[in-house]
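Two complexes, one shared chain (chain A), two partners (chain B, chain C).
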Partner chain A sequence: MRKKNSLPNPIKRWWWLFLGPVVAAFIIGFVWPFLQGIYLSFCKFRLVSDAKFIGIDNYLKAFSDASFVHSFWYSALFAVVSLVLINVLAFAAAYALTQGIKGSNLFRTVFFMPNLIGGIVLGHIWSMIFDGILSKFGTSILLESKYGFWGLIILMCWQQVGYMMIIYIAGLQAVPGEMLEAAKIDGATNAQTLFKVTIPNVMPSITICTFLSLTNGFKLFDQNLALTAGQPFQIQPDGTTVKTTEMLALNIYNTFYGQNANAQGTAQAKAVIFFILVAGLGLAQLAFTRRKEVQQ
Partner chain B sequence: MKKWFALMLALVMVFALCACGPKNPSAGPASNPGTETTPGGENPGGENPGGENPGGETAKGSVYWLNFKPEADDILQQVAEMYTAKTGVPVQITTAASGTYEETLRAEMDKPNPPTMFVIGTAPAVKTWGDYALDLTGTAIANELNSDAYNLYDANGKLVSIGYSYECYGIIVNQDLLEQAGYKVADINNFATLKTAAEDIHARAAELGFDAFTSNDMDDSSSWRYTGHMINLEYYYEEQAAGTKWSDTPASLTGAYMDNYRNLYDLCVNNSTVARGDLATGGHDAQAEFKDGKAVFYVQGSWEYAAIIDSVPSATMIPYYCGVEGEENAGLNCGSENCWAINSKASAENQQATMDFMVWLVTDPEASELVTNGVGGFGAMPYKSAAASTNGFLALSAEMTADGKYVMDWATNFQPNSSEYRAVLVSALNQYNANPSDANWETVVTAAIQGWATQYQATNG
Partner chain C sequence: MKKKELSAERRRKNALTVALSIICVVYVLPVLAVVINAFKKNTFVKTNTFDLPTGEMWAGIDNFTKGMTFGNYPFWKSVWFTVLITVVSTALIILFTSMAAWYISRVNSKVCRAIYYLCVFSMVVPFQMVMFTLAKTANTLHLNTPYTIPIVYLGFGAGLAIFMFVGFVKSIPLEIEEAAAIDGCGPIRTFFSVVLPMLRPTMISVGILEIMWVWNDYLLPYLVLDKNLYRTIMIHIQYLKGSYGTVDLGATMALILLSIIPVIVFYLTCQKYIIKGVAAGAVKG
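Then we have the complex of A and B:
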């Protein structure tokens, strides 16, 4: 049986010193702002220190805002499409680069590099690239929502595939050689080996990569702002607008800063809804893919 | 080895935490990424041995100005140093990065030592920030004014902010090039004559070696010239037609002068160095084109004077001619969004110190000369004892007024939710530039007119 006081004495006395900084940083940097954010979503405020409690008005306004609803569906569509494309491409790249071809390390490095560039810079670079091509056809990425959508998909794939690829490579390298050999001896085709042996064995990588790309897709902000900033807008006859390529995070930002002080609480409410959504979806997806994981 | 590593990590964490915390309460604003000067040293409170004032001010109080014009930062830091050297009062001037003034102001106002002096430049800003402004009626700075045309009042008649400079905008003309093309600026006195000259120059651009208008980019760095400035002609003439001068944002517009806006906008984008389809994402440098003599006309304002006058000594400015009856008598668009407010929540000493600093700035010959005529300076200050402006465009505007021409005021300052309103207008203009059809123009009109009412409701509804 384990002794009750198994911790060495100095740690028993000094645990708070070791734990303190992390806990303090976590509370200062996350817990407190998070709680304050939730409180502010029920307030009308101009300055954070000068807020007035008004109940659930902000939530009602957020749900009745057509641009918020549009940005939700747009983000959802974007997240699904980018999740599929990024993971398929990243897995394909990882699979190709674990077959022992020459120069694999160089390719891995090069594919990973776009991930080191910041989102705003990427957005501006790609807007120049897309417009350089589209202007030959007399149009621009800011003029058609479908260009904006696919432009953002291309940008995100370019940026994220290399990162996910590294995770998949780690997963692929951990597939036991004996298992692959056994499959070969049993006469499995390449496709059978891939789908029946390799993929079930890399499920942990798939879990983490789909989680990352799903939440990244929903949380996307910098690239969205720099590439299209929501343009083109659909201007309704009554003067209201729907920003056709505006995603959730940008919608929240625009509500907070683009509108008058009364809308800041609404933006805060949107942010809380946004958090619940992303956390809920992320957890659901984790639970789903976890079930598919196999024990090695 | 592992132990050492763990110890190192723990130490790094502790230091990181220490570095996060403010060194003293007065260091609050120093965490702002903008530039700043605190001549009193890192800790102005250190000069106060009694230490009973945790705010970090000396007994004389201190000044903290949140400036919104990045181009003026250099000269403002100089005057801050001059003032501290002279009086010993610490002056800190922080400049918000371009386009982030509103965000910076919100963040700074929340800190223990908020700005004592900040800018409330438009009617909507009065609504947002009026509660935080001291009533300046009858104060020392108000007594120095020679014109109250640029002051802003709230609904109760409180003098919320006081104009510290004024500017004007229109179309800058390179007279040398215009004459090479066979025209004289004196002959251009309405839209028809401007159109004839511009279209002729554009048609002969290859032969002449220069075009009519500089590029008219619609990205964030340039679109305000059309959605903030040029659109002012619509608001101004609407104001005139109604025989009023706005004192608050109207709930709606008639749009009666949108065709005139279209006249001038089309003239610019159709007769320019860059085709209208290539303007959406920008990337062109209109100022460089004008300085290099690549185009005759440049839609801009008086603040460009110091930057262009050496390259184009013959530069002058004409009004927005747009086909309105009687426009031969038009002057430039003159106004201001440069208005100082004093923070009503600051301590009495700091308010007094700020007031003293303002008065010094508009009366001291050396300081007022620097902020009026220095590079990036204010242009002209409406104060009795301030240095006279050497800005040629402002002088021209004064001449026009003396000749009996009408000044177009900055009705554009009343735009409700201006950043959102303008973003929608930019999007509509981009569609229109790609395909200049009447249907697409209707969308522009919707964005400008119905968009106004929508944003008015969002602000006031």
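Then we have the complex of A and C:
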């Protein structure tokens, strides 16, 4: 190993050129807002300039907010259901497309396409389609929360299956051919080969896709806003409103920019809780994939 | 015996092709629904969603003209701002993060490593965590115009780009740069004429990811931009559909059609790179 930096590195003089722009923008666009966000979650404020430190009040309020608790469980349920469906469908599609059948490239192109359409647009497209179907039965996606839930699941499958399929195809193509051949010679059936040889070999892809769809489910915002925006609403006995199809990100947004201008501290506390949840999932994914890499 | 087995195999594959073809058709139906409803009179969109716009349902280009002038905001302005923001943000991100990534992995000091880990960390932070304070900060610094919002994108999007560039720079052998140095190249020339051309594959991947993100982004520009003056396509569509009162679904579909045509053309022309680029960004949640 060569020892680096034994001579003065001539690049170092140019730090302001190479690092300067990114670091300046990174401070404006991430570091400062992040730190200020943490601080404000312990404050009462309307404008940022009048922030007053009040301790953990905001967090207590966030946890006792029925709409927030509801949106958490709703997001969790959504994330798990969409995780299972998306991954099963994506794996099946990838498996079918790696069999060397005619038209594989065309199918891949079509299945991946919805992934490039923006969340807002997706939401509006599907709200039109669901309402077109449901209006024949005299109802609407905005009238029943179960329609909203399954509608969002269908939308997300349509968007994400192609994406996960690409990751699975890469994984499947990396399965050593000799192994599959050996299984065949040993007399394994197709199903046995799939479960005993192929799936254990694509575990890294499965891990990545599982975590991706889980975090995607929790972080969903645009599609949620455009499809139902939380409707239908339910009035609680204590007079507060729970938006039955509102997910975490939308709940935070509505708390920030809703009618109650005093709730911004609570909203920021919710955002911090949300951040810890999502970052926790992200770090778990990192640790998990690292361990898998070592094993191989 | 062998022939029989072969033909069974072929039959199975043909059946698979047929099944997948049917699924494919179902897959493009939502896009077709957008196309037919973009030309349908608004009152029929909800009742006859899946019928072709024939006879009295035919709206011609009315939906397009209505959508394009909605809210007294000319649609071509949104298109211009969206293109401007997307192109400038992507260019800034590619240029500056590749420079920073090279510096970080070649100098590799404590500060560099700290910046790198901060970037990795920023990838797991959801936008809702910083949206309120970011919008305020951008407002205070007058970054609330389409000409300055790329700086915000550079800041918030730097994490993933730096992560991808650093990963690639590490795989470039140092000897090439040393040879350039011996031949009398300064750091700037080394970077721009030796390193940058080698970064091309990652530049394409990062570029594709950023283009898809910025073009489709709704919440960041919605919160940061001064919405009376500047609207992106997504903001315009959301105003049209999300506004209270009677919603003009036909006009919404017309604008949606206009907004996804460039995306689909872009996809069909650079499909190979797009699939590769998006898969390369799979690390980001």
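The working rule: the second predicted complex is superposed on the first by the 247 of 296 C-alpha atoms of A that agree within 3 Å, B and C clash if a C-alpha of one lies under 4 Å from a C-alpha of the other, contacts with A are read in each partner's own complex, and residues count from 1 in each chain.
As a convention for this text, contacts are C-beta pairs under 8 Å (C-beta built on N, C-alpha and C of every residue); 3 or more make two chains touch, one makes a residue touch a chain.
Worth saying up front: this structure is predicted, and the values here are computed from it rather than measured.
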item: Which of chain B and chain C A:Ile185 touches, first, second, both or neither; value: neither
item: Touching partner for A:Ala279 - first (chain B), second (chain C), both, neither; value: second
item: Comparison of chain B and chain C by chain A residues contacted; value: C
item: First (chain B), second (chain C), both or neither touched by A:Thr139; value: first
item: Which superposed partner A:Gly239 touches (first chain B, second chain C, both, neither); value: first
item: First, second, both or neither for A:Asp131, with chain B first and chain C second; value: both
item: Touching partner for A:Leu116 - first (chain B), second (chain C), both, neither; value: second
item: Common ground on chain A, meaning residues reached by chain C in one complex and by chain B in the other; value: 18, 21-22, 25, 28, 48, 128, 131, 135, 229
item: List of chain A residues in touch with chain B within their complex; value: 18, 21-22, 24-25, 28, 46-49, 127-128, 131, 135, 138-143, 229-233, 235-241, 243, 254, 257-263
item: Complex contacts: residues of chain B adjacent to chain A; value: 10, 13-14, 16-17, 20, 102-103, 106, 109-110, 124, 127-128, 277-278, 280-281, 283, 416-417, 419-420, 423-424, 426-428, 430-431, 434, 443, 446-447, 449-455, 458-459
item: Chain C-facing residues of chain A, complex; value: 4-5, 9-15, 17-19, 21-23, 25-34, 36-37, 40, 48, 96-97, 99-103, 106-121, 124-126, 128-129, 131-133, 135, 158, 163, 166-167, 170, 208, 211-212, 215-216, 219, 221-222, 225-226, 229, 248-249, 252-253, 256, 264, 267-268, 271-272, 274-275, 278-279, 281-283, 285
item: Interface residues, chain C side, partner chain A - complex; value: 13-14, 16-17, 20-21, 23-24, 27-28, 30-31, 33-34, 37, 45-47, 49-50, 92, 96-97, 99-100, 102-104, 106-109, 112, 115, 118-119, 121-134, 136-138, 141, 143, 151-159, 162, 181, 186-188, 191, 212, 215-219, 234, 237-238, 241-242, 249, 252-253, 256, 259-260, 263-264, 266-268, 271, 274-275, 278-279, 282, 285
